[in-house]
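Next come two complexes, and both contain chain A; in the first it sits with chain B, in the second with chain C.
Then we have the complex of A and B:
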């Protein structure tokens, strides 16, 4: 199905937005050169100016530096979680539709079991095992995201594996690896290109939501949700403070959704 | 015919029953890990909570360890923990000392209130907007629905909640953000959750109704002399209800996840609020109880939706349909 012009434009916009944010996240901390934890209580709540482009928070920490570190954290953890959910999800999905029978039923049951627990709840519970630890959040995110990959991969690879093309390949004597590489993988690539940004967006939102209600990462860490709750009390006297993490979060999620070609948007 | 029908219902119930068991297993195990991950020596801690910190020595601790068999291997303790869960013994809250079931019943009622109001509100906003957008593609309703969807998809529930709180409660004073007698406090959290869902519903119902309007069934209804409105009401909308229900099924997760965040934001006394506070207090029995109630509620809603879809759509009752 050919992409419409507007759909392609949306994808390119999303990609551009994400590249900009990624550059900011990767290069920002080094270029700004200010430690995000350095306090200077004399410079509390400075408005945006030449030395601090986005002003300072109540402890006099540079908001720009903190935002750059937060972007790095959110983007990094979300990508890591999405990728490490994709690998087992795709492998089990293809295995299920390839083997069929008891193995498929077992895997479907496993996926059903994981779906019984809403994603954010699982992440929250893991975060409660080890409060404020990255690894706990990461495991929770990856565990809650893999099911979607499994379901999509299983549904998409089944018609291919049972189709004429694969049968012809097998009759010609090509092995399993060849079938995977030449038949299954090309069909899965566009689906993964949609799923990866969507699940990364889900991870970013979960991370921020948990930080916001105080059960995710803990305060000294520059994290978007934590920063929002820190800045919230000053929303009327220093509105630029709360605007910074909110804008970054919305742009990040919007970029990922546009890149995914979200059907509900186009 | 009737045997295939009962088998469809049985498969549906079986799938959800397995999910309930999995829910118990997963949440039970995670909470078990949570207890084990608490810092400090377990025997010492329990002894201290029994006799007070001043009277605890290693002798008391080892007596407690003897009595509660704390030196057992991990897997035995884990099995016993799960056994307790299967007997539906959730224990007492470490903070209030009340039975967890008793506390949860109260919170569940509040959460159910919020969830049902949210669903009704979302359908009241989203569905008419979607239908209006479908009837006149490119019209005003269509554009509003698209803008609505783009803005709301990228705005997380907690931000939307704060915005609504500031606008409706603080600046315009239309709705109370929090109140002690709960009069009208339901509206703001419900609206926060409903708007996100309504945006999705509007987009999905738009494409579903457009597809249904273009279907041969509708074409025939019009050619046999029904007016456009009658054809829409009698033939297009029931056909379009299925994808909308399927969408709701997938996005129920959002509702459950949203309750955790939005309930804490608005201090709504539901399960999500209880869960977050239990996490702060490291009150593991309540964490377990709240997570279980939430999961059970989620599975129950899913079951209801499945049943509704099965009742509306005769195609799903055919043999082999559950495979698709």
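Then we have the complex of A and C:
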């Protein structure tokens, strides 16, 4: 189905937004040149100004510097989690629909077991094992995200693997790698282009939610959820403080959702 | 005005922007009459039906005037004819199984038409629905879902619904496409009943046998132009236009019988083959020998196990009993298959050229050899830059043939390779297939539901009867 002009525009907007945030996250810390952990109690709760564009928090730390680091952290961890969920998810999905039988039943049972536990709870479990550690959050996120890739890949590759085109290729003597490369992967690419930004957005939100309720990354790490809860008590005297991480979170998720488009997944 | 005048079409044309797809066409249809529109695919037959219904795809504009049972409207005013749908005009669509709601029982779908279109109360609709299903020979199918029906049964169910609203004009768009002789005769009989009970039938087809059986008047269309018009019997006896003669000659019943080839050594042997699906036995204790060079035709109605037999011989399916023995020394890729739907047999997101190049490379064939073969199959090289869905069915089937020949097959299993093509294309494709087989010396196992093709093409036949 050809993409309509407005759908393409939306995806380009999403991509542009993400590139802007990525530039801010990658180059921001160096350009700002302020250590996000340096406290200066004399400069507590400064309003936005020339030296601190987004003002300072209660410890006098530069909010702009902290936001830039937080963006780096959220974007990086989300991408890493989404990618490392995609790889096993796609591999197991294709394996399941290719092998069928016991292997497929086993993999489906495993996926169902993962789905039975709410995603956030799974992440919480790992976060509880090693509080405040990056790797625990990363593993928890990847574990809750791979199921979606497994289900979509399995459903999408089954009709292809059992279809005439693959049968014809196999009869002609082409091997399994050829089938993967020429039949399965081209069909999965558009699905993955939708799924990857979706699950990255899920990871960003989960990370912020855990930080916000205090079980994710711990202060003084500059993280969006952690910053929100830190700024929460000052929302009436310094509303620009809480506005900063909330805005960045909204833009980040908006960019990912726009990039994913509103295609229906199987 | 005449009371029995059901349809009066004056100057119907179809344009896409400035391009004319159908030239002005006028005709009338009275109660009890059948008008057949004959032509190959792309001749504008379905466009004519859509223009009359007021159902043209977006971007196409109809011209002229339509008068249905005294209700006159401009052809471009599609909305004006919408209230007539179901009540005065019924449409029998090409793929009946797609026209039914897959998640509702057949009986309740018919009841709904009777209630909502004809306005019967619920209990009367239920009675009427049961009576109509029985009349259509579907009394047991009322409680079934569409996917449980065979193609012919679905066709009859859709026809009952198309007529349930009391429509007196039935437009049938290729109602026999892909049906075997048995169901074809059934549909023909049904259309005849409509005409005999005071309705009028506008039949769109490329199947001369249906047209011949129904009689009435005939319009021959080609590339949106009217070529010939008149009484069916007169035209068939003495066609005045060369194209009409070509169409008549393309009907498998008029093909010359193909010369019997010389048979060579044994290639595949089936011994005591049995296969059943869902408890229904397809074939039992079947013995079969296939020799190089021979043309073996398997003929019979759909769903009787013709394709299954081929798949068993190719090793794609395991028989329930018996064994398939390949001649010693046969390469693993020596058994090849042509598919009924060639589009589905190519990787959809790859150009045809790269698919062919892959096959060439795998089998160590020179690209120039393949190009020569494509030329002999009358395939233009420019088609290779396209994807499978962008090429016509006849061309793609020949490209598929060129591809399987890369593997130098000893046996080619062709599973209804031309049943979706119109007669002219079908004839060309089958002749080229026969020539390619003669040239390569491979055995051909052709599955068809068309008894005429089986007669002219087959050297040896296996007939599967309806169960």
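Rule of thumb we're sticking to: the second predicted complex is superposed on the first by the 261 of 266 C-alpha atoms of A that agree within 3 Å, B and C clash if a C-alpha of one lies under 4 Å from a C-alpha of the other, contacts with A are read in each partner's own complex, and residues count from 1 in each chain.
Here is the rule we go by: contacts are C-beta pairs under 8 Å (C-beta built on N, C-alpha and C of every residue); 3 or more make two chains touch, one makes a residue touch a chain.
All figures in this text were calculated on a predicted structure; none of them were measured in a lab.
> Which of the two partners, first being chain B and second being chain C, lies in contact with A:191: first, second, both, or neither?
Neither partner.
> For A:169 in the superposed arrangement: first (chain B), second (chain C), both or neither?
Only chain C; A:169 stays clear of chain B.
> Mind working out whether A:7 is in touch with chain B, chain C, both or neither, as first, second, both or neither?
After superposition on chain A, A:7 lies in contact with neither partner.
> Touching A:178, do we find chain B (first), chain C (second), both, or neither?
Touch partner of A:178: chain C, not chain B.
> Determine, for the superposed model, which of the two partners chain B and chain C contacts more residues of chain A.
Answer, by number of touched residues of chain A: B.
> In the superposed arrangement, what residues of chain A touch both chain B and chain C?
Shared contact residues on chain A: none.
> Under the definition above, what is the set of chain C residues touching chain A in their complex?
314, 316, 332-333, 335-337, 339, 341, 344-350, 355, 358-359, 362-363, 400, 403-404, 406-407
> Spell out the part of chain B that touches chain A in their complex, as residue ranges.
Those in contact with chain A are residues 15, 18-23, 25-27, 30-31, 33-34, 37, 146, 149-150, 153-159, 162, 166, 199-200, 203-204, 253, 256-257, 260-261, 264-265, 275-276, 279-280, 282, 287, 291, 294-295, 298-299.
> Quick check: in the complex, which residue numbers of chain A touch chain C?
Checking each residue of chain A against chain C gives 163-165, 167-169, 171-174, 178, 182-183, 186-187.
> Enumerate the contact residues on chain A facing chain B in the complex.
109, 112-122, 124-130, 205-206, 208-209, 212-215, 225, 228, 232, 235, 246, 249-250, 253-254, 257, 262-265
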